[in-house]
Amino acid sequence: MSWWVENGPKIAEGALRIALTLLIAVVVRFLLRRLIDRLTRGSSEKRKPGILRPLRERAPQALGALVSERREQRARTIGSVLKSVVTFVVFGIAFIQVLTELGMNVAPILTSAGILGVAIGFGAQNLVKDFLSGMFMMLEDQYGVGDVVDLGPATGTVESVGLRITTIRDTNGTVWYVRNGEILRVGNSSQGFAIAVVDLPLAYGANLPEASAALSAAVTEAVEEELLAADVIDKPDVLGVEKVTPEGITMRVTVKVRPGRQWAVQRALRAKLMPALDEAGITVKSTT
Amino acid sequence: MSWWVENGPKIAEGALRIALTLLIAVVVRFLLRRLIDRLTRGSSEKRKPGILRPLRERAPQALGALVSERREQRARTIGSVLKSVVTFVVFGIAFIQVLTELGMNVAPILTSAGILGVAIGFGAQNLVKDFLSGMFMMLEDQYGVGDVVDLGPATGTVESVGLRITTIRDTNGTVWYVRNGEILRVGNSSQGFAIAVVDLPLAYGANLPEASAALSAAVTEAVEEELLAADVIDKPDVLGVEKVTPEGITMRVTVKVRPGRQWAVQRALRAKLMPALDEAGITVKSTT
Amino acid sequence: MSWWVENGPKIAEGALRIALTLLIAVVVRFLLRRLIDRLTRGSSEKRKPGILRPLRERAPQALGALVSERREQRARTIGSVLKSVVTFVVFGIAFIQVLTELGMNVAPILTSAGILGVAIGFGAQNLVKDFLSGMFMMLEDQYGVGDVVDLGPATGTVESVGLRITTIRDTNGTVWYVRNGEILRVGNSSQGFAIAVVDLPLAYGANLPEASAALSAAVTEAVEEELLAADVIDKPDVLGVEKVTPEGITMRVTVKVRPGRQWAVQRALRAKLMPALDEAGITVKSTT
Amino acid sequence: MSWWVENGPKIAEGALRIALTLLIAVVVRFLLRRLIDRLTRGSSEKRKPGILRPLRERAPQALGALVSERREQRARTIGSVLKSVVTFVVFGIAFIQVLTELGMNVAPILTSAGILGVAIGFGAQNLVKDFLSGMFMMLEDQYGVGDVVDLGPATGTVESVGLRITTIRDTNGTVWYVRNGEILRVGNSSQGFAIAVVDLPLAYGANLPEASAALSAAVTEAVEEELLAADVIDKPDVLGVEKVTPEGITMRVTVKVRPGRQWAVQRALRAKLMPALDEAGITVKSTT
Amino acid sequence: MSWWVENGPKIAEGALRIALTLLIAVVVRFLLRRLIDRLTRGSSEKRKPGILRPLRERAPQALGALVSERREQRARTIGSVLKSVVTFVVFGIAFIQVLTELGMNVAPILTSAGILGVAIGFGAQNLVKDFLSGMFMMLEDQYGVGDVVDLGPATGTVESVGLRITTIRDTNGTVWYVRNGEILRVGNSSQGFAIAVVDLPLAYGANLPEASAALSAAVTEAVEEELLAADVIDKPDVLGVEKVTPEGITMRVTVKVRPGRQWAVQRALRAKLMPALDEAGITVKSTT
Amino acid sequence: MSWWVENGPKIAEGALRIALTLLIAVVVRFLLRRLIDRLTRGSSEKRKPGILRPLRERAPQALGALVSERREQRARTIGSVLKSVVTFVVFGIAFIQVLTELGMNVAPILTSAGILGVAIGFGAQNLVKDFLSGMFMMLEDQYGVGDVVDLGPATGTVESVGLRITTIRDTNGTVWYVRNGEILRVGNSSQGFAIAVVDLPLAYGANLPEASAALSAAVTEAVEEELLAADVIDKPDVLGVEKVTPEGITMRVTVKVRPGRQWAVQRALRAKLMPALDEAGITVKSTT
Amino acid sequence: MSWWVENGPKIAEGALRIALTLLIAVVVRFLLRRLIDRLTRGSSEKRKPGILRPLRERAPQALGALVSERREQRARTIGSVLKSVVTFVVFGIAFIQVLTELGMNVAPILTSAGILGVAIGFGAQNLVKDFLSGMFMMLEDQYGVGDVVDLGPATGTVESVGLRITTIRDTNGTVWYVRNGEILRVGNSSQGFAIAVVDLPLAYGANLPEASAALSAAVTEAVEEELLAADVIDKPDVLGVEKVTPEGITMRVTVKVRPGRQWAVQRALRAKLMPALDEAGITVKSTT
């Protein structure tokens, strides 16, 4: 009884503190989750997560419904991952806090965790890097399934987009698993439009104005044929003499085309323009 | 006796705390193991471990029974490794906790462990990296025994898949031990299908439309022959003029084939198409 | 009642301390925000943020209204990001301080945060690097939308400038997402003026003084034609024999032009100067 | 005397604690050594150390008695090194613990050790890396004395296998000391079998079917000669046209041979097949 | 009243300590600023900051008034930056000290700062590196506006010298922003003098003594012409046969010229010496 | 007097503790020095330091008296360096311990040392790496003065072996100072024996069996001449066709020679074998 | 008065401690300075600083008075820099110690210093590396003003030797500022002697013995001419056939010369030996 008198208040205070701890944990978790919601989901009129909005100095092109839906879904998934992490961390700390209130000495736990954290941290930094890179690449919508991309370690068509790795398939059908943290820059050939670039080698002494005229006529004719016309979205452009090297002269022709069609158009143009030059009597590197 | 009166409650409280510590350790260990189970094993309908599921934007191809069994077994093994680690860590901390309750000063132990942890951590980060990379590559099922892969440091057929190293055998029969942490990207040539790519050099002035027609006929005929027909899974495609360089013109032909058969098909097509061009009277780079 | 007598002062003191803590937090936050304002916004006559002003040894060219507006807007945005960070940090610390005053043991929270901080810090350093680099590149106004830049990983026209990534589109129409932290140096071809450089190969034994005279006449004539005259902003310069290698002799001609027009001018000059040399009877690498 | 009454229990308690400390140290050391024994030595039927067993998905080939003995000896040595380390660490901590019980302030010792540990840890990480890599390469039995290996920095025959360095002798007789931590991947040409690969250049226009037939006949005859027959362990294979480049056509022939004999077989086959092609009237790159 | 008696001394002591703290802060700041003054400004007769003076084993050339003024101004600016940092740090610490005296628990503040410091420190190390490198490059006066420098990432004329970045403009008119921390070595072509180096290719079998004599005569004549004479500051030197390679023989001629004029002189000499060799009947690589 | 009664025991106890501290320091130092002795000096019959002995799987060749003496002297020097370090560390810690006993607050000293240690540790890691690498390279006796070695950054004859740097002189007489930490692998051409390798180019269509026979005869004769016989330690070996490339065929001949003589033998053999092939009527690449 | 009785002893003790602190600081500083003196200055008969003496296995050549004076001066300067650092550190710690005795709470100061130290330490590691490398390169006397050195980032004549940077001037007159920490190895061409190496290309089928004899005669004659004789310090050596490649045969001649003269001698020998071969009727690569 007297024990109760003596220890009662202490116990009551302890219980109070534990309750307070749990309450704060719940509140903090709620606030952090709302913050995540605001940052990643965004309201319907401002798609891009808040934290990434500032200073993108040019307005994005009008996005199709498909893309905006993809973005919304991605932001939702990332948000759900972040929320799991927040729940784990907040309740973990609250758990340790409660142990303290129960009179346990938590120093060993914290120190052990610290040592483990540092020891593994060194080795796991690539993992963290991969996930963080993946998260940002998704939020920034750098590429989607089906895009033709150059990720550095490999080039091809995107097969799947993951938080840790991106999978692409190259022209040989090989599937490449690329860790997101290893992707230092992304080249996406499937955004908005593409430009078909055709370089044609001429011999020294070739009549340049005639060559230019012949190319101009040939390429204009070529892009109006049925097969190419659907892909071309702007008038072709004979840029002129691109290079003068000891090996010869190079003329360049460019055409703006639908994204993903540049390689087919380039092949078709090469097959058309080489004979055109021949017919016009331009020496095409044949008399080396 | 009076000693007992004086010290009894303290001892009783100590014993209580030790019991509590052990109880919490057992509970935490149980919870963590269940978490590992959920993450790595998955129920039968959702094979892929939970943590890796989000944002793989394309549904995986239907997997054969073999592959799903392999995955299940892998996840089980990784889970068992992780559980050993959890057991080790949780009981290690509980052990130190009990020492504290017995009145031992654990600061030296923790500090020594910390120093050791940091000192070795620097050197061991490659090891940790290897194991973590291996674990994830397994969970993501990037390759299995028998696949032909390009791991960066070496290219060949996978002989064994380990947590720290992957073993492959290249075309010279050399066995390569590659540390998983050194694998920045994986190119797997044995997934789903492959594409046989044949590049054929033509001389300048070759008649391109004729060459294209001749190649088309020859490749169509070739893939219907008994030996190749079994490997080919789609119609061949004469892509056209791939490159125009000072050295000459290059035509490209591609055929979609069963994975692993692309090299044999390429060799067979080269042996068929070169004579076909000769017969069609196309100048094949012979008059340099 | 006696409890109140005993604990009242303690409680009062605690409340006082909490109030003091919050007051200090508000004051510190206010001071830091004003500091940020002073550093990033600047008064109207000294556009460049204070911290970057010293030791830029040459006075900047007079900037158009557009550029100064862009700068002001950028500085404002960066300032607003920094202020959010300051608010977050200052109130976070105040929150922990208040927890202490309420008698909570905050050591576990701090230690957990420390472990998390270090563990993630390793992996997130690229992220921090990206943001810091982006912030400084913006403050220094290294490039804006529409500039043609060489960022190292990719070269092309800037599409958008962000805190973490810069987006550019290259000559093939490919969009490149370059992380700001990967940009070790920036080459901006659209600032102030550009120089069109044309290298022309001559054969050994070519009459050098005649070649020089012929080039001089041809280039002077060329830059006075209607199409080029608008781009050229200074007299052309025939520099002379740039290289003597076993492959031949190289003459160099340069013209100062409006930024962004150097490539068009170069192409036009090549098309003009090659025939000019031919007409002047200079052997142009034709008799290898 | 009264001093004794006063201090006796304290001293007794101290002595008790020291004894307890030493006891725990001995027990922990014993347990850790047994763990090492279990992990590295293994019972007679499961040679491979326990920790490395999981997920090697393919059963190892039956190993000769020599290899298993080598493994057992290696595991024993590594175990003995690890046990020394364990003894050193456990008794070192116990020593510091005892100092505490004697009333010494151990903080300076621990801090000094920590500073030294970190300061040296930076520089010594290569050393730790070398030893850890060496330990794992041994446990995994990646190569043994006499194997022909490609370690990256050097290629040759292994002369000795050490924990920190591996020594190999290359074809010039130069001895290479390679630090184990610098070995990112190992290529071992002496495991199981090897494949002799012979590439033969043909001229454009060579009759490919005839060439193939001639090579097939020649290689079959060659591998049945007395000298080669002992090395060859499978029928030779004329793979076909390996490459078509502007320089010419390349045919490839492969033979599976005993490990270490691939270079001799390749040289012998080259000497046989070149004349065979000549005799068959195939143009072998002679009319460039 | 009795409260005052009880707490008065404590309060008085606290106020005393706060005053002492502020006093010490002011004194330490004063001393550090004076130290900075001494190190960076230097007295009028010893321009170079004290810390950089030792062990520059050669006396610097007499510096023009312009350079010394530039140095003085740079040192002053760097000193002012350092002083701001010192003020910020000293008063920051004093502020925290005063908080302690007011009975606040500053541990959370310090720990938070520590975590932030480490977390950001990883990412910001490039920034710190840039500023420190810039500071030292300025103090050492490695280059100034207008110098032609090779910084590694880019080569050109210095446009501005900053603490974080150096801006240069290359021969194409492209402006390069180079981070000072990325500059591993600086090559300055505008200090004291430069050497024009002209390499001339000769054919095998050319008469070497005659070629040498002809070059000697031609170069002596060339450097006395009006245009070049102003740039040349020493007699030209025909070094002789610089290289004998399978491609031919190379003769080298050098002339010491005013800094920044080496390229113009080289071009002029090439244009003079090639015809001179022709006239002397030396075979100049023309009969390959 | 009463002060003495009060403080006497405390002082006595302090003095006792100081004495105990010093005693322990002396004992620990003695033990560590004995450990160093055992590890580095070794008894006379087991030269190699204990820690490096395990797992060198091949017995070292019998060492000359010179080498063993060199090793013993090296081990002695390293041991003496390590002992100085041990003395410094042990007495430094004891000094701080004594300060504590004197009632000084050592926390500032330790913290300052820690900060300095970390701050400098980053920059000094190369230094530590150099010394540790040097120490191990010496213990392992990778090379000695006079050996011809390839250290990576430079190749030449060893002039001196130091703890931080190794000095070698290359074939141009240039002296190279190589930091030991930069040496990733060592190639020593002066150990045991060397192999002279001579590659001879043949034209396509050369009679391979005849060429082989002619080479065999010529090399056998050559190695029996007086000048070479002293260097050759085994019969020469005509390996056969080493390479078949579009450039031609390469035959390889090898001879085992005394270390350091391989280059002279190679030069002599080249001068002998080329004419021998000519005499035998083999086309030696002369009709390209 | 009673206050004095109460606090007097405490104050007296405090004053005593402060005095003790300062005394210890002075003594430690004195001891460390003496240690530095002993390590860097050395007595007159043992020039090299003590710490670098062990294990330089070869006795240094007799040094001229100039060199020893240079060394002594360098060691003195480094010693004075180190002493300043020691003074700064020791008195800084003593200052903090005294603050403690005055009852100040120094934890914030130390923590702030720690955070700053780590935060800046990351960025400043290059600086520390530069200074440490410079210090050691000086102590080891790797090069002096006027030496021709290859530092890696640049090659040329040393203009000045500094603690942070070394300045060299290359053959184009460009001045290079190289940070000492970036110098991984130093190649010094001005120590003791140099070797002039002349490689001469011969055609296939050239008469090798005759060529050897002709070269031998020509080089012997050449080195006896007045101009060269002063530079040559040993008999020339016709090494023989250095390389046999598809491009031709290479003969090598070497001559030991005074340091710094190797390039002039090489040029002179090339100019002499080419005609000598011509006269002897050796085909010198002229009939390609």
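Note that the chains take the letters A, B, C, D, E, F and G in the order they are written out, and that residue 1 is the start of every chain.
Here is the rule we use: contacts are C-beta pairs under 8 Å (C-beta built on N, C-alpha and C of every residue); 3 or more make two chains touch, one makes a residue touch a chain.
Please read these numbers as outputs of a predicted model, since none were measured by experiment.
Colleague: Where each step is a move between two chains that touch, what is the least number of such steps from chain A to chain D?
Modeller: 2
Colleague: Report, in whole Å, the distance between the mean C-alpha point of chain C and the mean C-alpha point of chain F.
Modeller: 47
Colleague: How many Å are there between the centre of chain F and the centre of chain G, using C-alpha atoms for each centre?
Modeller: Distance between chain centres, rounded to whole Å: 21 Å.
Colleague: Two or more other chains touching the same residue: where does that happen in chain E?
Modeller: 114, 118, 120, 122, 124, 126-127
Colleague: Chain touch graph shape: choose line, ring, star, complete or other and state it.
Modeller: Per interface graph, the chains form a ring.
Colleague: Which chains make up the ring, in order, starting at chain F and heading to chain G first?
Modeller: F, G, E, C, A, B, D
Colleague: With touch defined as at the start, can you tell me which chain C residues reach chain A in the complex?
Modeller: It is residues 70, 74, 77-78, 80-81, 99, 102-105, 107-109, 111-112, 114-116, 118-124, 126-127, 138, 144-145, 153-154, 159-165, 170-179, 182, 198-201, 247-248, 267-268, 270-271, 274-275, 278, 284-286, 288 of chain C that touch chain A.
Colleague: Provide the residue numbers of chain D that touch chain B in the complex, in ascending order.
Modeller: Touching chain B from chain D are residues 17, 20-21, 24, 52, 54-58, 89, 92-93, 96-97, 100, 106, 110, 113-114, 117-118, 120-122, 124-129, 131-133, 136-137, 140, 142, 150, 181, 184-189, 191-195, 197, 204-205, 208-209, 212, 239-242, 244-246, 249, 254, 256, 259, 262.
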